[in-house]
Amino acid sequence: MTLAPSTNSVDPLLQDIVGPTPGQQLRRRFFGHRGLMIGASVVAVLLVIALLAPVIAPHDPYAQDLLARMKPPVFLGGTWEHILGTDHLGRDYLSRLIYGARVSLLIGFVAALISGTIGTAMGVAAGYFGGRTDAVVTFLINVRLAMPVVLVALAVVAILGGSLQVVIGVLGLLLWDRFAVVMRASTLQVRGREYVSAAQAVGASTPRILLSEIMPNILNNLIVVITLEMAHAILLEATLSFLGLGVQPPTPSWGLMVSEGKNMMLFEPWLVLIPGAVLFVLVLAINLMGDGLRDVTAPENRS
Amino acid sequence: DKSDGTLSVAFTKELENVDSYFNSSREGVVLQRAVWDGLVYRDPVTSEYKGNLATAWEWIDDVTLEFKLREGVTFHNGEAFNADDVVFTVNFVADAENGVKTQRNVSWMKSAEKIDDYTVRINLKAPFPAAIEFLSGPVSMYPNEYYAEVGPKGMGLNPVGTGPYKVAEVIPGQRFVLEKNAGYHDSPKGQPSIERVDIRTIPDINTQIAELFNGTLDLIWQTPADQAEKLAQMDQFTVANESTMRIGYLTLDAAGRTGEDNPFTNLKVRQAVAHAINREALVSALLKGKSQVISTACFPSQFGCDQAVKSYDYDPEKAKALLAEAGYEDGFTTEFYAYRNRDYAEAISSYLNAVGIKTDFKMLKYSALRELRTAKGTPVSFQTWGSYSINDTSAITSQFFKLGALDDARDPELRDWLDVADSSTNPDTRKEFYSKALNKIADNAYWVPMFSYNTNYVYGNDISYTPTPDEVLRFTTMTWN
Amino acid sequence: MSQSDTPVLELRNVTKTYSVKQGLLGKSKPLTAISDVSIKLARGEVLGLVGESGCGKSTLANILLGLEAPTSGEVLVDGQTLGGQDRLALARRIQPIFQDPYSSLNPRKNIYDIIALPLRVHGIGDEASRQKSVREILDIVGLPARVMNNYPSQMSGGQRQRVAIARALIMKPEIVICDEPTSALDVSVQSQILNLLNELRQEFGLTYLFISHNLAVIEHLATRVAVMYLGRIVEEASVGGLFDAARHPYTDALLKSVLTPEPELGIPDTHLGMSYPNPIAPPEGCHFHPRCPAASDLCKSKRPEPLFDPNGRIECHLHSP
Amino acid sequence: MLNFILKRLGLAFLVALTVSFISFSLLFLSGDPAIALAGEGATDQDVVAIRELYGFDRPMLVQYASWLVNALSGDFGESYYFKLPVSSLIADRLSVTMLLGLCGISFALLTAVPLGVIAAIRPNSIIDRFALFLSVAGQAMPSFWFGLILIVAFSIKLRWLPPSGTDSWRHFIMPTVVLGYYAMPAIMRLTRAGMLDVLSSDYIRTARAKGASEMRVMFKHALRNAIIPVVSLAAVQMGFMLGGSIVVESIFALHGAGYLAWESISRNDLPTVQALILVFSMFYITFTFLADVLNAWLDPRMRSS
Amino acid sequence: MSQNNFRQDIPLLSIDNLTIDIPTAAGTLHAVRGISFDLKRGETLCIVGESGSGKSLTSLALMGLLGKNITPRADKMEFDGVELTTASARTMRNLRGARMSMIFQEPMTSLNPAYTIGDQLMEALTLHGSTNRKKARARAIELLEKVGITAAESRLSQYPHQLSGGLRQRVMIAMALMCEPELIIADEPTTALDVTIQAQILRLLAELQREMNMAMILITHDLGVVARVADKVAVMYAGELVETGPVDEIFAAPSHPYTRGLLRCIPLPGKTKRGSVLGTIPGIVPSLVGEVNGCTFRTRCEHASPACRGTIPLHTSPTGTHTFRCIHQPEDLETDAVQSTGANA
């Protein structure tokens, strides 16, 4: 009785009883994850470039000069006037790449947002309400998965014409499947937890339970899927543009640039290599970010 | 290769049906000229008409043509050629019910009748001066018994004609193998010398070039200018360039179909557009080769295509001034449509942007654009027309300025003049009225004609070939070196 | 007070049937999780509910909490059917404490938000008065006020279970449904929680339904005990009556199986069979007969009728009237 | 089991029906098919004649119903462009695509599964990191770009492989790689995750406690269980792959169904596009169905129910 | 130390100063520290302790199943003369399953779902010997009958998911016994089971052990189980053995404050007054990451004093079989009987 345990506060054995908050842990893991940091920084840099495009770009990306077509980049014997050379209409390649970042990021982001909204609503509803709702959603997911994405997207874009809005809309309406699948599974998992029953037993309304008990606990998965689907949308847009049914010229899209450069691929391979490489780096960075986020948020989800 | 006597050729587009009445593509024309013959033949160099399956012909009246047929000609399947074949073919294709795809090529004919085994008459619906031209082009003669049996589908899979080449194999859309017709009649087309022609569809130009490098292709054509230029720098290939009848032009919504207040209803705006575009630069930087800047709404070699019309030189300042006069000091924004040659269209739209006409660029599939133009019209669109290689102004100007669905000018006076020119049998009257119409089109800048197209032919040095300006690949005139 | 004869909580002939699917697309079959269960809870008593895993204890608790609707039968609170009552009103009177202190607290919320949730849902008080209530209840369950800003992951199992108790009690309910509240805890922590529950009951006059498979705990805490087997209550009696003189062979086996820390005693022989029945296809007759050491032919064919007597209730052919 | 198969078939049929309706209505919105049918350079008379000939003025549901009834008997109508029965057109092209898909999925499985297993056996090792990098990088590589690079490298610069065509097995190497690599990361990850999961499971500990050798533990006890989800994934990927063959076929000029699809879209060849969407969906549906049956057989828990 | 049988004088298993350190992100986790005990043939040792106290790690270390990145250290860890710390992987493999086997806690997940019961049972035998399948099958049937499974023959072709938890645990026991091992380690074999089944399984295990004269280590956190099954008891707290001794001595005269606290925590039917206040051990188990010194129980101990941070002596009873680790003499602890309540965290 002489020494009550709680007064023994300097004892080293007692140190770690109150650990860091989940937020602190998350931050620590976040900054400790190399892939995540690399991916996030690259994405951040590209984002800044995209936002500041008018300031950074050395030339007007639309200004053509038919007398200076397909000038090679500086490292292949070009001039500093056009660091990455010019395209088949004599437009500055670097400036077009910089403006292209806007297109890719915009498409990735908005398409992921649209599909995320659709998929999350479906997935959460299926997971939470189960029964018939679940059956319908599962069926819809099956139908969606059975439709060949590239083919359907191409067909729709061909029909409606390839404006930026149409491409974003088509991708947004096609890529919700993974959201629905993941959100359904996460909701199902969280729904079985006893704190949900506790909230129900307290009399909390369904919207309240969905918003304050379920959503915060599936948000991490949602964020991971958003990043991965963003990458997916960006790649798909590039593919559509490559096949000639994506966004329309003169809008500089990287996929379109590859497609345009493709014609001279055998003679001027850099026309294809440069935009493809930038596209690769962006998608790689987003994927690294998504993977990192998954790593960082997963253990928390388990405990 | 020369070693195995087979010439490997690439087509870029998939050909829908080898039956020449049921496709509308250039590739189809190439095969048509190789596999079938027409009654008449026009020398592509001299433009002189010669007898082919017919030996002589004469106009009985304005609407009746009589032909004497060549004797002793047989089809590839052994069927003999005679008046029955001509009568059957003409009656079949002239009947709209049978769904010939290119109605314009055949709809001027009413029927055919047999006079005797080697004499036939073709009856026209109305006087049609370009009849011989058409008969020397798209109208080829089919074997009546065989065609009655298999129809267009069977003809497409297993074509039979009288031409210099027999079809040995067809994989629809992918591959056609031709073999020399050893018993080819004494035709003005000449006798074939190359044994076999192996045609594959390779849509991608890079792949075509790569195969050319690898020696698995001997000849490619319609090669884009930039690539052709590079290939010409290499020793092992010959690059030949020939002009074609296709022209590129802008059609402007002068009639206000997209809205009464459309800027293009204003003549000054249309003229500003014409002044804004540096057509010389387009030709020298993008099209290259034998392309030329044109100012009339037809291809210069076409009958009646008067070149002495108003021409608009590149003058952006003047364009801006005209726009200001028209009340568009700050320019305006308009939709700009195109369906092919995205790079040309982009370059054009960029010129328009430079003088203040901001374009909202829309690239559509041909059918979608055509539907849009038919239904509502478009403010500006970049169009091209190849006239089916028919060397007559009626094949282009009359197609678009007679108040049809694609007529953006909708000028009744033009229609009347063109009607006269199309149906008159007097060449001078025709010339006069075409000239009047073409001058009015130019003065009013209904169209902004831009340039004519050209075609590149790239082939190994072991082949000799001289391409013709009608953009038809003629295997008969090719030889191994 | 008339309240003394009306039970605060009563189940009348409640049956709950789930339809379960086997495999991805298998046929769904009915599974009767609880069948024809009737119990009464008088004010201030602790009804202990024991039974094997899967016998329907949690299902029963969920029905009482309104989390599941019974397939048939009635739930009455103060003599009134549950279905007609307002869910919110009900939530004020009946609150749960769950088994797993890890999954019963939302890991994304801090302790204050977790405990204050019932107040928010019911719109009680303003933020300041809620703060005060939470502080009070934390004190009552023996947690320092500073844990309010902690997250569940920063606390031990015992502490979490105290948080769960605080959440259940903040609305001052009359009835607390404890579904195995200590079985996930180490014994050294279990006793703390049991003491706390006991204290709270005395202080606030709570009524407990206490579910556990640990008979020692039930004996320590309960005033009355109900024994469940495969969805049915097979015996019910006062705690003294049951532990001193079990009547149902299953209860008997249960009691025998309790291993007390008495080294001089060996491992008991329960004489039970091993064939634990499939709840989807329960055996004919008495559900327990395949394992019962005293089963007769009658038990195989005919289900025993429940017998009510002053000792409580028994459902066994050995004790039929 | 039979019951399972029947129900699964019913579901598959419903999915196929829905897909067919969506694809039909989608393309029906595409405007006037008569113009597409007439082709470039047709005159107004041509278009009018064609519209009447094909009866495009009927209500959509009527057209769908008649199309569906015919489709059920394998008649997808006639291609607007080729004037040939769509079914025979597709049948001609399908073998290339199927072969390509088969090669692609085999390539993906043969590289991804071993890599995933090794990565799981040695987590955090160099091989694991390499595999992980490969999977992230692989997923980021645009396949059209990858294909073009391969052509430049192996056909033009090195001249090892033919750039296009289907004449020999060498023609299939690059398309196989380009088609297959995209499925690799997912399969690799799933194998790795499945193996890791299984390896930390209690029954693996049991097997080790019995004295089983590491090889036996890995291949007899672990892989058998870890492979079950991979089978489903491979089926899904195979379905996607056939849909993704559009890009590969257009790059390598393979005249398969994917290329036909692309061209048909460009040509507004409605019946062909409709049929192709349905055919690709049917492949997906069939593969997932087969995978489910295979899984049911591989996994005793499903087998007995 | 005075048993009667001559062979049993030599311990089958002898462990001295077993230490297990686990590298983690936060630092080294000193999960098990300085554990020593001996076990003879036919003897049952129960290791009891709170969740996370290192019971399973100890048993896995014996089996050589700790995994690649955890290496146990010990002055001695001998099984029938074979030093386990230095034994080759092959030697360990030959021992495992054949001479020492293990039963795990989770009957539901410890069997491979992809193979039949028969396959898995027979594998245990065929892995270690010259037996053919037929003999292995006969042995499997024999053992299944022995563990009380009826219709053993037909069970062989069943899959694990077709059996209930109790049956699976019996299969696990049968599997552990296939090669007639000399040592069997059961890690909480009944925690997942219902009380009635627990009693049945424990009874079965004890019978078989006696019959085959095996040494058994039974791990549990249930003092009731310990009391009924054990010959010897080892009480673990936070990675250390705080008290060991013969079962009757431990229960009659628990010495370490933790052992005493534990015994006070559980309500004893018939002894503890119903509804009375139970004894408690306030506080929580300390983290073992980083430097660990002194008595780890001091944070929860009612007798704690600053001296508890220093070296802790090991007291041995006069009989020499009962030991415990504490700075206090047993007599000092005897006097204190105050029960702390739970509300002082």
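Per-chain numbering from 1; labels A, B, C, D and E assigned in written order.
Just so it is clear, contacts are C-beta pairs under 8 Å (C-beta built on N, C-alpha and C of every residue); 3 or more make two chains touch, one makes a residue touch a chain.
The chain list, named the UniProt way, goes like this: A = ABC transporter permease subunit; C, E = ATP-binding cassette domain-containing protein; D = ABC transporter permease.
Since the structure is predicted, the reported quantities are computational estimates derived from the model, not experimental observations.
Chains that touch both chain B and chain D (ABC transporter permease) are the following: A.
In terms of C-beta pairs in contact, C-E outnumbers the other of A-B and C-E. Of all chains, B has its CA centroid at the greatest distance from the CA centroid of chain E. Separating the CA-averaged centres of chain D (ABC transporter permease) and chain E is a span of 53 Å. Note: centroid distance chain A to chain C, computed from Cα atoms, is 47 Å. Taking each chain's centre as the average of its CA atoms, chain A and chain D (ABC transporter permease) sit 23 Å apart.
The set of chain A residues touching two or more other chains comprises 17, 158-159, 262, 265-266. For chain E, residues that reach two or more other chains under the stated contact definition are 282, 284, 344-345. Counting only residues that touch two or more partner chains, chain C has 156.
The touching residues of chain D (ABC transporter permease), when paired with chain B in their complex, are 30-32, 35-36, 38-47, 49-50, 53, 79, 81-84, 89, 92, 148, 151, 155-156, 159, 162-165, 250-253, 255, 259-260, 263, 266-268. Against chain C, the residues of chain E that register as touching in their complex are 50-51, 148-149, 164, 166-167, 170, 194-200, 202-203, 206, 221-230, 247-248, 251, 261-269, 272, 274-282, 284-285, 341-345.
For chain E in complex with chain D (ABC transporter permease), the touching residues are 63, 65, 93-98, 101-102, 104, 106, 109-114, 116, 123-124, 127-128, 159, 161-162, 172, 175-176.
Chain A meets chain C in the complex at residues 17-22, 25, 193-195, 197-205, 208, 212-213, 216-217, 300, 303.
Interface of chain D (ABC transporter permease) with chain E (complex): residues 201-203, 205-213, 216, 221, 224-225, 298-301, 304.
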